[in-house]
């Protein structure tokens, strides 16, 4: 008697409340139609591919729909990036879509300072009007745009928008960490690293399988899409052994910020043992041997520098590892068939990040892995339709607020810091700041400064699906779709060897009164009127995307992904010959793209050295002439007196504040990291895979498994080594205050046997203080307390340069030690 | 003071009454918003179950037809029955008809029509009884959906009775 | 022999010498009302809390993963253990015709019945879905030790209730004849007892059968309870001696509880005339023996675990001996072994207060033992999981209090309506024992030499 | 007769936690929130278990994704008083939520701590409930639950197969954890069928099972790392 019994029990439940059948009746806030469907629909299933918009990777998704309602997500096996895998945050996509506290309508900050709802029309009219006015008064430069929306396509649109309203001020998050490649290869992009065919990847600080631009790609390329008993070996050098890196063949624990030194030590061994690619070095590199410059001066060569200065014993002293390890690793690299050296994570967050990058990348040069399978090459360009230049006559170009020089960033800038500083010191007034899909107040070390700056800016508009730290300072908050509701165009994430283009289409109509950031920009442009409107001719974001895609059809390069990744590859090769026949028109290309959600082009143009090395010498420059010239110019600018090149260079170098001298400055060298603060431990914030993207904190599930490697959740932990714990008399589970000169946060001690002594690692991702996610007020944000030390070369703020101390707040309340602590 | 046994007796009687009321409340008849006539549609007009219960062969749920299905024939009135008038009104307004379910399984049971009809080849009547002959809405299901019922049938047809087959 | 009956009928209370035994019934002072209301309040709170637990879920307790069992199971085992006081002991004493048993058996049996009821209810407290408790019968699975419990406990409950009731009939008849209110109750329960020889004989035989029957059931109950743990693979539980270990522990705590109760009631109802030093003396010797026995079992249990040195076993072992549970473990040893052993070994300390202290410490100690058995094994998983912890919530404490209050209330109410000491057995004792024991003693002695007729000696008894 | 089994290759596993998340989403595991988590009541049918070996410079940490190991001789089934947990025809150790009385004896008896208990009514803030998987029921409070090898997928796969007029074959069924694994470290299939991928892998010299010494005969195999 199932039915009656349940009713009877229900009645009982009503009567005595003794019943837990709540699981069975679903009470929803979403439109009744959807509820009706879910409860009475025929239960027909369908799978729709789209793109994950939660972090910068843009993995391929397959959404499981039952009667048209999304009820499950999985990785799209066709997509060349993730090939069927999906990270924890991606899995939480539905929790982001159905999240309890999504923004449901635009909000304007009232006189009282609290947000009150406002109609889209009014909101857009207001901002549009303001834009139009500034535009007509030639005040366009008083508009600034910050965006982290992944993918080049959106960024192009945003740039066009800025241009249209006459503002040069649009931040490019892409600039992060590409300086090393500019200096050595003369290129303005991060080259592709072919993890698919590499057989040994040495990572300097980059948690390949957790952090970086596309960890899921790293996993599937190095392990997932290889046969059983096969996978790319992996050496990790860093200060912390993450879950991913624990699979490394060798783990080289080193002192914080000494990754560069280790790289040079390895280089030393390779060179001394002649274990490097002589032909490549001879043909395609510059400054390896000593050389005579055009003034006839003897210049130091990389080889001599290495042999004289970077012998293993010294490296061992610097890195706190043993020389034998350096040699062992070097030999392993030398023997490998397709080795690769990559840098990232903590390796590219130090105050010496650029030089670390250069040192590591010069390893790739020594190993001669450029332009070959399993090596470093430039991904083939994505032949998007170029945007026709609007008639720029009326659009005067002022100097950008993000331009290097001035109070902050001599050689490059941290966009957020620069913006904040110049607004606060009044050297560059901003009246309208538009923040799109980004939460800099939370994520940037200059966040607090930015929030101060925002108070001075007349109006701040934030486009976001959730209230967050940044929108807390906004005058107008415009609710945007979450990715499952919107059109997305993503392009290859950095450091991937092939090029992909993801077209994500909405799988469900927007649940609330939200809009796509692209559409909002287009409407604002129209509202601004005049040439601004003309410069943004597209009716909607998908139109814009469609137009850009046309280029792909015309070029005929690449192909829409089909079948499983392998099939897709085969298919790709097959249709090389007759590819032109494939998509006769934009229409059916678009249709195919919608169906499969991805396009890719895996064949790099080989042998195109000129494209690979755009340096003055047309080679890989150990000795960076690019930098030399740049330093000269900078030096020259420091004073308006005439001066010799040498003098200018001297001044430039001084401005850069290097700790070495002579030619070494211009060669890959080890720049000792700066650490500021009184504490005895070095603070190294890191991004666990559960903190990818800025919406992770929205999902209860992600929060609950936030610290899963420690079987832990809902709290920020401070990871320290066993010895460190012992020295500080701390035990796993103790609650401590992590105190820097800048502030203090609370964290729970987690003892990890493999963490480097005198370091403390704290994950970012929790510690939100705005009612955006479910994890608000939970945990803490280490970025709040990092000292804003700058990498003088790139101007990027280092997050790993602060010294902190741990103060015990409360002993572990109960329970035994965690398994990591050898508690079993 | 009344003596003990009497009190006990009184208590017993009270208990009986309570349970009686409870059970009487259990199967309250089910009223439908419109007095739909199955016989008329099936026997007289000779239409098939799946003509209206579209997914009886293909879906997990057979689905109860609603305005969009009914509209195929009843966009405007066919007869002068006021029940149909009601229907037409619903269709006109686009309001979904609040049909009440007669046969249903709890949330922890996975029942797929397709698995039983298309694959198992079971007639609708086996579980739903002579619905087609009902000329007005049935207040109670012809066949009570019970676990024992399911299991008996599985016994007879030699289908597995592994709990996992239906419990989810 | 109709003497009891005559006495009963003729007893206008004039030369009725066991007045003390009926005082609590015939003039229950205001004390009864006060105490029972207080106890009822406690019990009521417990029920309210239980209701709340049902509504909100077991989350209100301190339980968690991996420590899925706590106070409720501990108390379940503990109470059931106590219940071995009575029926078993009284049966053994009856069987061995220990004459000093007469004033003791009744109380012992009452303890059993009351505590058994309480203990048996504890698993229900522990259920996540008490509303489905009946599944045990509708869908029971006999292979599960839990089912073995259900059956043997209910059997034990039946047996001991009957075993309590049957020997009470003459006393109830006595009360009926003395016209004690509520009349209908005694009328109903006296079962038309007139004390005819036939009735006497039937009574004797019934008691005779029951006391033999009860012993194996009682043993089985606690053996089976130990099986709940011993039948799993868990370190610290999976042990062969758990059966006897639990039985010994049960009898141990049972005797202790019995003596506590006796001492308290002796004080309250002025039963000094009946419960004499000698009774306590004998019982405390029994307690001492059990204490030693318990130590022996504990020792061999832990030594085997330690010597085997199996990792998961050791994790649990150290958790108890040196780890977080060390305080509980060692106080258990002290309370169960040192204190009773010392207090009861010397005549100087084997006084009523001394015995009271000893028994109290044993009762507490045995509770700690249950705790030491249930929690540590769960808190230390085999896999590399973090060591669990368990801090009982207020809810669990309240339920514990409720249990104890129910126990007391049970006694108060029983004492209000029935004699705590079997009147007729006492009287029977007076009448017959002397002669009977003399006979028996002669039976023990070597038969007299047929030629020389020597008078039988009549000392002792 | 089919006997479902799983092989987890620790050499491929990168400890990314995808399996854990996928399991949560597929099987409607509601988050219990910060307080409850801090009280050790977080729910995971599958967890990534850290194992430390060695010490100092030689320390090795490996992460073992651990679902219910689906014993062929399950200690939990032996003790269940009401047939709420039992060994299914195809070797899946099932929990019938509508039968379970919540005595948690199975939890106490499981040497792998694979079972979890609904201490409170699961909570679905906002519309999260709509994201739940209709193939898996939302458990009420007070019952024990566990990994089911995604048996609902087996049921569906078989239904599909039958509809296509064939029997279910290797590769038709993939549990959520295996499906989401970017390293393809998890294989699932029929252990009876000697040609299936899993039975192939179980013959690998690297294959081992958790606490095989307990005689529980788990159907989840692991492949040890190669280095």
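Just so it is clear, A, B, C and D label the chains in written order, and each chain counts residues from 1 on its own.
In this section, contacts are C-beta pairs under 8 Å (C-beta built on N, C-alpha and C of every residue); 3 or more make two chains touch, one makes a residue touch a chain.
Predicted, not measured: the structure shown is a model, and the values here were computed from it.
Asker: Out of A-B and C-D, which chain pair has the most contact pairs?
Answerer: C-D
Asker: Could you say which chain's mean Cα position falls nearest to the mean Cα position of the entire protein shown?
Answerer: Chain closest to the assembly's C-alpha mean: D.
Asker: Roughly how far is subunit A from subunit B, going centre to centre by Cα mean, in whole Å?
Answerer: So the centroids are 55 Å from each other.
Asker: If you average the Cα atoms of subunit C and of subunit D to get two centres, how far apart are those centres in Å?
Answerer: That gives a centre separation of 45 Å.
Asker: Could you work out how far the Cα centre of subunit B sits from that of subunit D, in whole Å?
Answerer: 36
Asker: I'd like to verify one number: the distance from the centre of subunit A to the centre of subunit C, where each centre is the average of its C-alpha atoms, in whole angstrom.
Answerer: Averaging C-alpha atoms per chain gives centres 70 Å apart.
Asker: For subunit A, what residues touch not just one other chain but two or more?
Answerer: As it turns out, subunit A has residues touching two or more other chains at 19-20, 23-24, 43, 711, 815, 819.
Asker: Residue numbers in subunit D touching 2 or more other chains?
Answerer: Expected reply: 40, 42, 49-52, 118, 121, 137-138, 140-142.
Asker: Enumerate the residues of subunit C that touch no fewer than two other chains.
Answerer: Each of 57, 129-130, 384-385, 388-389 in subunit C touches at least two other chains.
Asker: Which stretch or stretches of subunit D touch subunit C in the complex?
Answerer: Per the touch definition, subunit D meets subunit C at residues 36, 39-42, 49-52, 66, 75, 78-84, 99-105, 107-109, 111-113, 116-121, 140-144, 210-211, 214, 216.
Asker: Can you list the residues on subunit C that touch subunit A in the complex?
Answerer: 54-55, 57, 129-131, 315, 319, 323-324, 379-380, 384-389, 391
Asker: Along subunit D, where are the residues that touch subunit A in the complex?
Answerer: Listed in rising order, the residues of subunit D that touch subunit A are 9, 11-18, 20-22, 24-26, 29-34, 37-38, 40, 42-44, 47-52, 55, 57, 59-63, 118, 121-122, 125-134, 137-142, 176, 179-185, 201, 225-227.
Asker: Can you list the subunit A residues touching subunit C in their complex?
Answerer: Subunit A residues touching subunit C: 9, 12, 17-20, 711, 814-819, 823-824.
Asker: Give the list of subunit A residues in touch with subunit D in this complex.
Answerer: Answer in residue numbers: 19-24, 26-30, 34-35, 38, 43, 66, 69-75, 82-89, 91-92, 94-95, 97-101, 209-210, 215-216, 219-220, 223-225, 228-229, 231, 241-244, 246-247, 249, 253, 511, 689-690, 700-705, 708-711, 713-715, 722, 752-754, 774-775, 778, 815, 819-820, 822.
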